[in-house]
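Two complexes, one shared chain (chain A), two partners (chain B, chain C).
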Partner chain A sequence: MRTYILKRLLQIIPTILGITFVVFVMMRSIPGDPVVSLLGDAYTEENAIKARQDYGLDKPVLLQYVIWLGKLAQGDWGASILSGRPVLKDVLVRLPVTLELIVLSMAVALAIAIPAAIIGALRQNTWADYTATSVAMVGVSVPEFFLGVLLLLVFSIGMGGALPSSGWVYLPGTCQTVVCAASLWGNTQHVLMPALALGVGRAALLTRLLRASMLEVIRTEYVTTARAKGLSERPVILKHALKNALIPTVTVMGLQVGFLIGGAIVVETLFAMPGLGTFGIDAIIARDYQQVQGFALITALAFVFINLIVDLTYTFLDPRIRYS
Partner chain B sequence: MTDDRGSLARPSRPISGGSIQEAELPATSDVAWRAKADRAESPFAQGVRRLRRSTTAVIGAGIVGLLLVVAIFADVLAPQSPIASDQTHTFERPSRDYPLGTDQLGRDMLSRVIHGSRISLAVGVSSVLLALFVGVPFGMIAGYYGGRADSIIMRAMDLILAFPIYLLAIILMVIFAPTAGLIGTMKVTGAIAIVRIPIYARLVRGSVLSIKEKEYIEACRALGVRDPWILLRHVLPNCLAPIIVTTTLGIATSIIVEATLSFLGLGTQPPTPSWGWDLKANVAFIQSNPWISLFPGIAIFVTVLGFNLFGDGLRDALDPRLK
Partner chain C sequence: MLLGPAVVTTAEAQTPKRGGTLRVAYGNEILGMDFYTTPGYEMVWVATNVGCGLVSMTPDGKFIPDAAESWQVSPDGLLYTFKLRKNVLFHDGTKVDAAAVKFTFDFVLDPANRANMRQFLGAVHSVEVVDPHTVQIRLKQPYAFMMHVLAIYRMGMIIISPTVTHKYSPEERRAGKPEALVGCGPFRLVEWVKGTHLVMDRFDKYFEPGLPYLDRVVIRAIKDPVTQMAAFKAGEIDFIADFSADHVDTLRAQSPRAQIMTGKETTPMVAMMKVTVPADGKPLSKDRAPHAIFNDIRVRKAVACYGMDRKEIVKIAYKGQATPWLGIIPPGTVDTVDVNHMCPYDPAKAKALLAEAGYGPQKPLTFELMTNTEKSVFSVIATVIKEQMSRIGVTANIRLVDKPSWMVTSTQDGPFDMYVEDLASLLTVDQNSYLSATTAAWNHSRHTDTRIDDFYTRYAREMDPVKRKAIARELQEYSADKLYWNTISGSPFYQAAQPWMKDYVYQAEFKVIYKKVWLGK
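Presenting the complex of A and B:
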């Protein structure tokens, strides 16, 4: 097991090199450079050349990448070209916001999908099943931002501002800067709508998947055996059927992380949250190369780690799966 | 005895849409009829027949058909110009003159929603077709020839897949620099297509891997048929079913991605009407004018739902094993 995890961690390296390198090259192929917005009114040809030298932007792209990697190996994520702030610090300040959003939206997705899929599969072709599958169909067809707008209309505008439409209050203990608002209640209010907006679409997708695999599993012989030996329905479904049906669902959840990070960009933009998503898109649009690299790196890390966790979850769901 | 019961019980298991209908057919008496029908009906006709029995597919096809009509005849159907602003009628509530109200520039929302269908459908369909035309040949070559071609192509595809799709699409759009009109639409199409290529390459590669081992392919080779002909005439038709299903569902995804890019301000630029952009532009005024951002959103939702329903029905009709 330990060697397996070690092996997987080593495999992360090429993935991260690949992603950060492609992003590096792509960002530098965008016409124009950040020096223009950095200098603003002070822009002259002379100043621009000097600024490019200062930031090492005059060197060949490949060399710039190697320099970036070298600094990264020493734990230096570089500094923002436009604000001068260290990228790692900005990423760490924003990480808890996005992490909370993604974890909670996954929880929302599972909280909806598991019961809906069980009902759908156990009562196949009844009105309960049709309701579950139809709602899931509607759910996969609503883009996150539209669901977010609908939630805004109902909870923020319709109910006289019951929930705040934008901004953020940190979960106590997650605030990385000196001054920031942090309270459990405030945090709940702020995270509720974004987590729902992001989670419901995933819930719909997982419901469809889990229902299909539940349908397969409940017809297997070991479920019949479990029933035949006199187990009541509850442990048969929850312990024998659900655990096995969850395996393909967990795989898809891992693959969904990519979508969730993209979804976070959209939802954070809509609700004006100070998370990694808004950090990333602002950096890309401003062409703040260093910040974009930081965003790509943290995204790639998240993607790889979550998929490692997914693979390790298999051993819990199905003890026959062993890694060595 | 037990064997008999086993074999009788198995086919009557309802697994999914298409197979239920097959299982319902009487097992013995109609064998002759079935054989005849199989011979008389092309696989395509069989697919259409099964598709027409699926309520969801028919509803989906209806929505998609209606949208196509709206997009094609947008100029005739829209009561006003989608881009003509009228400063005297900004933020009108829905009324007889403006069935869906007007936006902050006094533009008729109904006309904008009608014209917006063009961007969504054009980008949705053409980006998937473009991804298909690049991805399918790659997947076929990788699967059929294997070896080095396979590892080079598939590693490249894996690299694209390793990206969260929105991140890649966003960076591509920043590189392409979003603009208005046809060129702007083509840029969005290209960005989404690049992101979607690996899906088709992987799908086709997987099918080709199993098909190329079939005896009829071996027979072709023994007869001296050339590879391109085998690929085009014998391999491709046999992996069409999953391609068609994935394409239909892929259009739904592409429409969402297009709307999302527009929502982030990176899609086709104004004045070209686009649902995602309209939704974003109107969210700023949601407090005072809650209704206007609803309509572009509903339009996106209905379109995506239509393609999803149709794709789902197609999946059941064409390939019940796909789930």
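Presenting the complex of A and C:
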């Protein structure tokens, strides 16, 4: 197991190098120039040349990448070209917000998907199954921004501000700025709508997947054996069927992290949340190369680590799986 | 300057209450915090609360004291003498004196600092300290807008602390390190976390006794207008510093007690046509060649004068809530002139001009109309123009790009035929010289007509307001005739305040000042 984890951790290096290199080159290939944004109405050709020299943007792209990598190896993620703020510091301020959003939206997804899939599978071709699958279909079809706006209209505007429409209150202990609001209740209020907006679509997908797995599993011999042994329905379903049916679902959950980060950009923008999603999109729009690199790096790291955790979860779900 | 039909102030005069936190929403992020190098109004709206200048300006165009208690201008208009107040302190406790003022000018004038206010100081010959509380600015030639530069152009000349400027790097200022951004304004910067919040607290030793009233101002960016409205309706924010014109009616319906402020437009919405291109293919080259389509004045007039129905564009894109406008200077700017009569919508005349220029069914005119994703109204306008062009047998192919791509193309002399955008807010005709003179970096049409430059020079040096107005008229008529700069309308600007936000004075994009604001709740 230890060797497996070590191997997987080593695989992270080429993955990160590949992703950051592609992003690095792509950002410099698309139209736009951070120097134009940086100089604004002070833009002159002379100022632009000087600024490009100052930020090393006049060097060949490959050399720029090597310099960035060299600094990264020393723990320096660089500074935003536009704001001058250290990228790592800003990433760390925003990371807890997005992590919490992703974890909770996945929790929302599972909280909806598991019961819906079980009901759908156990009562196949009944009104309960049709309802669960129809709702799942609607859920998959509704984009995050649309659901987010609906939630805003209902809970923030319609119900007189029952839930806050925007902003963020940190979980106690996660705030890294001088001035910030932090409370458990405030945090819950702020994260509820974004987590729902992001989680419902995933719930729909997971419901369909899990229902299909459950249908397959409940027809297997070991489930029949469990029932023949006289076990009551609850342990048969929860301990024997669900646990096995979850394996493909967990795989998909790992892969869904990428979609969740993408969805977080939309949801964070809609709810004006100070997370990594808005950090990334602002950087891309402004062509703030250093900030985009920081975003790509943290996203790649998150994706790789979450998928590693997913792989390790298999051993819990199915003890026959052993990594060596 | 008069911003709109009347000076707009939130709520009626009552006895101000001290304390409280004002929660402000901006529609865009603050890009950086260095007062003199960071672009964008969002930073300016912070800088003018953290910093102070020599003088300020009221919405009705009067200059009022700020750090200077009085001033004199010599009869020849070449020497400005300012007497400073004796009780003005920077936020670190050091005194604001004549040396600090001179330092500020020297700093801005040094090309190495890339200060964006430098472009406005071309007339300054020198700045001298007479005594610790007297400073003199000597000009090379008379400049009618020197006081405007000091008070309000961009953000005015905000006085910076020599000690702090020497101690901290430009990167630290840009990154918003509070110790590096020490001003002499009513609020001191406490913290800026990009994309999260900006916090300013009352400066207790501010030189105007009793001001400011607020304990704290917290600013955060809410980009989506729907979210802005939801937050406003729920009472989560007190003030929206820049509200989308498209959503004003909805906001009014949702929050009937909201104080919605606007005035005559000071920002031009333009359909800019490229007039010349680099002859040697090198962007920004001084060697210019005619643009294949729009160098021909007949085509410019056919397309942008007689072929463009400005009233229809405003009706569709702004639901009628903007002013159709042709002049180079927007409707809310000082010395603006309505020259709309010079370009009546006349498709038949447009077609005749196109035929004269060699275009017609045999050789149809096709051009590219670039617009960007920053505001949805740009695309709407581009679509209406496309439709209007089809009525005169012209095909306009819309190219939608993002803002940085537009900025690079327009600023760096990239290839385009026409673009739709609203450009910088203009307080005076003089300010537009930085966008439309042949020498201006932002002369996006790249016209080479130096008569435009002459108009601006004469206008800026003329000290008699009546004669100046006459030059302004000449310029606007000449510009409308040549169409180097093609305005479609004004671009409206809106702010919204909760009913409990009192004594805020609307000054469009130019100033967003909180020092007299108080909360009546």
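Just so we're on the same page, the second predicted complex is superposed on the first by the 323 of 324 C-alpha atoms of A that agree within 3 Å, B and C clash if a C-alpha of one lies under 4 Å from a C-alpha of the other, contacts with A are read in each partner's own complex, and residues count from 1 in each chain.
The definition used in the following text is that a residue touches a chain if its C-beta (ideal position, glycine included) is under 8 Å from a C-beta of that chain, and two chains touch if they have at least 3 such contacts.
This is a predicted model, so every value here is computed, not measured.
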**Q.** Simultaneous placement of chain C and chain B on chain A, clash or fit
**A.** clash
Q | Which superposed partner A:G186 touches (first chain B, second chain C, both, neither) | A | neither
Q: Give one of first, second, both or neither to describe whether A:P96 is in contact with chain B, with chain C, with both, or with none.
A: neither
Q: State whether A:V36 touches chain B only (first), chain C only (second), both chains, or neither.
A: second
Q | Which of chain B and chain C A:G254 touches, first, second, both or neither | A | neither
(Q) In the overlaid three-chain picture, which partner chain does A:V149 touch, first (chain B) or second (chain C), both, or neither? (A) both
Q. When the two structures are overlaid on chain A, which partner does A:G84 contact: first (chain B), second (chain C), both, or neither?
A. second
(Q) Output check: A:I157 vs chain B and chain C. Expected answer is one of first, second, both, neither. What do you get? (A) both
(Q) So the two structures are superposed on chain A. Out of 314-322, 422-430 or 512-520, which stretch of chain C collides with chain B? (A) 314-322
**Q.** Doubly contacted residues of chain A, that is, touched by chain B and again by chain C
**A.** 30-31, 149, 152-153, 157, 269-270, 285, 287
(Q) Could you list, by residue number, the parts of chain A that touch chain C in their complex? (A) 30-34, 36-48, 50-51, 79-80, 82-86, 90, 93-94, 149, 152-153, 156-157, 160-161, 164-168, 177-180, 269-272, 274, 278-279, 282, 285-287
Q) What residues of chain C sit close enough to touch chain A in their complex? A) 29, 31-34, 37-40, 111, 114-116, 118-119, 154, 170-176, 190-191, 193-197, 199, 218, 220-224, 226-227, 229-231, 233-236, 254, 284, 401-405, 407-409, 411-412, 424, 434, 441-442
(Q) Under the stated contact criterion, what part of chain B meets chain A in this complex? (A) 13-16, 56, 159, 162-167, 170-172, 174-175, 177, 252, 256, 259-260, 263-264, 276, 279-280, 283, 286-287, 290, 293-294, 297, 300-301, 304-305, 308-309, 312, 323
Q.
Touching residues of chain A toward chain B in the complex: what are they?
A. 15, 18-19, 22-23, 26-27, 29-31, 124-125, 137-138, 140-146, 149-150, 152-153, 157-158, 212, 215, 219, 257-259, 261-263, 265-266, 269-270, 280-281, 284-285, 287, 296, 299-300, 303
